[in-house]
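There are two complexes below, and they share chain A, which is joined by chain B in the first and by chain C in the second.
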Partner chain A sequence: MFELVIFFFFAAVAVIGALTVVLHPNQVVGAISLVLSFFALAVMYVLLGAPFMAALQVIIYAGAIMVLFLFVIMLLNVERDEIVVSRPVQRFLGYTAGSAFGLTVSYYLLKAAVIEAPEGSIFLSDARSVGMRLFEAYIFPFEMVSILLLAAIVGALLLTQRDVRRDATGGGETV
Partner chain B sequence: MAFDTTDIVLTVVKIAFVLAITLSITPVMVWVERRGSALIQDRPGPNRVGPFGLLQSLADALKFILKEDVLPAQAHRWLYTLAPVFGLIPAVVTISVVPFARSFVIPEMNVFGRTWFEGGRIFEPIIADVNIGILLIFALASLGVYGMALAGWSSNNKYSLFGGIRASAQMISYELALTLAAIGALMGAGSLRLTEVVYRQTGYFVLFGIDWLRIPAWNIFPMFLGFIVFYVATFAETNRLPFDFAEAEAELVAGYHTEYSSMKFAMFFMAEYMAMGTISALTATLFLGGWDIPWYDEPATFVGFLLSGLAFLIKVSFLLFVFVWVRWTLPRLKYDYLMKIGWKVFLPMAILNILIVAILIAFRWI
Partner chain C sequence: MNGIDEIPASWFLILSAILFSIGVIGVLTRKNGITIFMSIEIMINAVNLTFITYAREWASTHGLIFVFFIMAIAAAEAAIGLAIFIALFRHRETIDVDEANLMHW
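Let's look at the complex of A and B:
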């Protein structure tokens, strides 16, 4: 009973937060609503018995990624009248397609999803078991992802360090 | 999870106790800060209200309540009001996973014609002993930055905005060093649970095989590098001098809380000191043995509970005093220098610390 109340409260927070992100004209309010929505999702993970996932959800999405988003929004500081107003046709098509997609997804989820918890399965998602999985069963994709991230970091550095590139080619070249 | 009445009562008592301590950190620390700065600058400091000026904080609080609450005309009304709350909540909640004393057995008692604690009950002096312990602290602490960033943005003031942007950049940068430095201590314990991190530090290190040459098994000794990085990062995370760029009064008036007044300002003030208290408690837990008393075996009784709690309080108070000491001794750094040492010095040092700890564990030296 208690869990049900918590579930419905945070489910409402998550949905309202997500709707605010899409519908509110102010980007900063949108970013904060997304943080709220992520936080409510983390509560869902706790209710499902996966507190480790909940902590990661908050640390990575709410704590790291959204701070960067907010940082960029604040730096750009877009004025309200600079935002391009969409045409009524575009808006109609967008809302129709979006709600059709949402309805279809929820229809098939309700049809196919198993609502009851599987019997007798012990599902562990603490730090130890996740770490073991990552470094034993999924060691190859794990290492591949780190190489991918390294490539991304090097690329980002190359894009920002324009002077270095000019010096390397002997100068005179405009980048 | 099945709770009985005793569990609920004990938890409520623990929450009330910890909340009372956390809330009283701010007035006490304000007094320590004022008298401490006066001591360092060779002047008397506030000494009129109450003995040694101890009631000065009360007078300050009264003043905050009575001041006019100004809402700037161009501010974003909702976010401006919410920002101090965003700052305050993480500072209050994070303390719940820190163990503050040794656990002890409550003996069976017969009070009011009813038997309490049948067969004895172990009292864990921690509000929530969850298996993600420290991750919870990092998760909530990472939300603390929203308070400053939003306050800076919603005030619609260029100084506030600069303060907010600086705060977010600085906290993102130093969060990495802080987390990586803490990993060493967690590797030693093999758990994210802070109670286990403390129990791991209750023994001794016997140096060079000489039996009487014993030092407490505190993490600060094998992980000194990690401790340094962690401790410096805590100054950046709590926006204290020499890293208080979010409010650098010489450049930004008062930074992110320039436009704030009355109780909203007081909430930022409280959040800052509570965050200092939480992070000092975390430093003591991770590196200084938590509630462990060196060269003494705490018994699992009420006396052991009290003594260990006192030891923890002394450690946290010392760390808090160092915050004051450093603030009134060191000048503010340059902003670019802060970023440079954060990424180029402290981050590599934290990674090096992980490597050292891994080697120590591999050879079974700790």
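Let's look at the complex of A and C:
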């Protein structure tokens, strides 16, 4: 019973946070409510019996990625706050298509999702079993991801560096 | 099986579907680049929730490994995407995605 209350409360928090991201015109409010939604999803992971994944969710998403988002929002100074409103037909089509998609997926999940737990197996989700699996069966993708992250660092540096030629002529702007 | 058995797995799947469609609506209706990006993050998290739900239901660690990789790739994607928006803002003074039409046919 207690778990049901926890589930519905944090499910509501997650959905409301996500809706605020989509509907609120101010993107700083959106970023903060997205952090709230991610915390609620971490609670969902704990309810699912995977507290290690909940810790990763809080550290990586709420701690690292959203701080990056907030820094970029701050850098791009939205104080001019050009609220760009999309066309009504685009909004109508977007809401209709998104809702229809969600309803269809929910219907087929309830109707046809295969949920049959194999008998006798234990769900191991602690850091030790995940790490053993990661470094035994998935060692090659793990190394590929490390190379991908290195490439992302170099790419981000290249994309955001100032234009050297314009700086030499004195016309470059600093951001 | 450990974990909380009272809550059926389909509820988690429904929650995931709701979050994913909210992300779809955000991508389709907003024009602010950062907001579109945050909607994509919502969709990624909905998929993560689905993975962990099925990992619990099938008592398998593979789903958790997938979530691990998805998180790493989302971090790389966030870094690159935000760098692209900074570069776009530097050239166009806006992050409205409709203004980024240089490669529009």
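One rule holds in what follows: the second predicted complex is superposed on the first by the 146 of 175 C-alpha atoms of A that agree within 3 Å, B and C clash if a C-alpha of one lies under 4 Å from a C-alpha of the other, contacts with A are read in each partner's own complex, and residues count from 1 in each chain.
Here is the rule we go by: contacts are C-beta pairs under 8 Å (C-beta built on N, C-alpha and C of every residue); 3 or more make two chains touch, one makes a residue touch a chain.
No experiment lies behind these values; they were computed from the predicted model shown.
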{"item": "Touching partner for A:Ile139 - first (chain B), second (chain C), both, neither", "value": "neither"}
{"item": "Touching partner for A:Ile32 - first (chain B), second (chain C), both, neither", "value": "first"}
{"item": "Touching partner for A:Leu70 - first (chain B), second (chain C), both, neither", "value": "first"}
{"item": "Partner chain in contact with A:Val154 - chain B first, chain C second, else both or neither", "value": "neither"}
{"item": "Between chain B and chain C, more extensive residue contact with chain A", "value": "C"}
{"item": "Touching partner for A:Ala127 - first (chain B), second (chain C), both, neither", "value": "first"}
{"item": "First, second, both or neither for A:Leu56, with chain B first and chain C second", "value": "both"}
{"item": "Those residues of chain A which chain B touches in one complex and chain C touches in the other", "value": "52, 56, 64, 68, 75"}
{"item": "Contacting residues of chain C [partner chain A, same complex]", "value": "1-4, 6-7, 9-15, 17-26, 28-32, 34-35, 37-39, 41-42, 45, 48-49, 52-53, 55-62, 64-65, 67-69, 71-80, 82-87, 89-90, 94-96, 98"}
{"item": "Contact footprint of chain A on chain B as seen in their complex", "value": "76, 78-79, 130-132, 135-136, 138-140, 142-143, 145-146, 149-150, 152-154, 161, 164-165, 168-169, 171-172, 175, 192"}
{"item": "Contact footprint of chain B on chain A as seen in their complex", "value": "26, 28-29, 32, 35, 39, 42, 51-52, 54-56, 58-59, 62-64, 67-68, 70-71, 74-75, 77, 126-127"}
{"item": "Chain C-touching residues of chain A, taken from the complex the two chains share", "value": "1, 3-4, 7, 11, 14-15, 18-19, 21-22, 27, 30-31, 34, 37-38, 41, 44-45, 47-50, 52-53, 56-57, 60-61, 64-65, 68-69, 72-73, 75-76, 82, 84-86, 90-91, 93-95, 97-99, 101-102, 105-106, 109-110, 113, 115-118, 121-125, 129-130, 133-134, 138, 141, 145, 148-149, 151-153, 155-156, 159-160, 173, 175"}
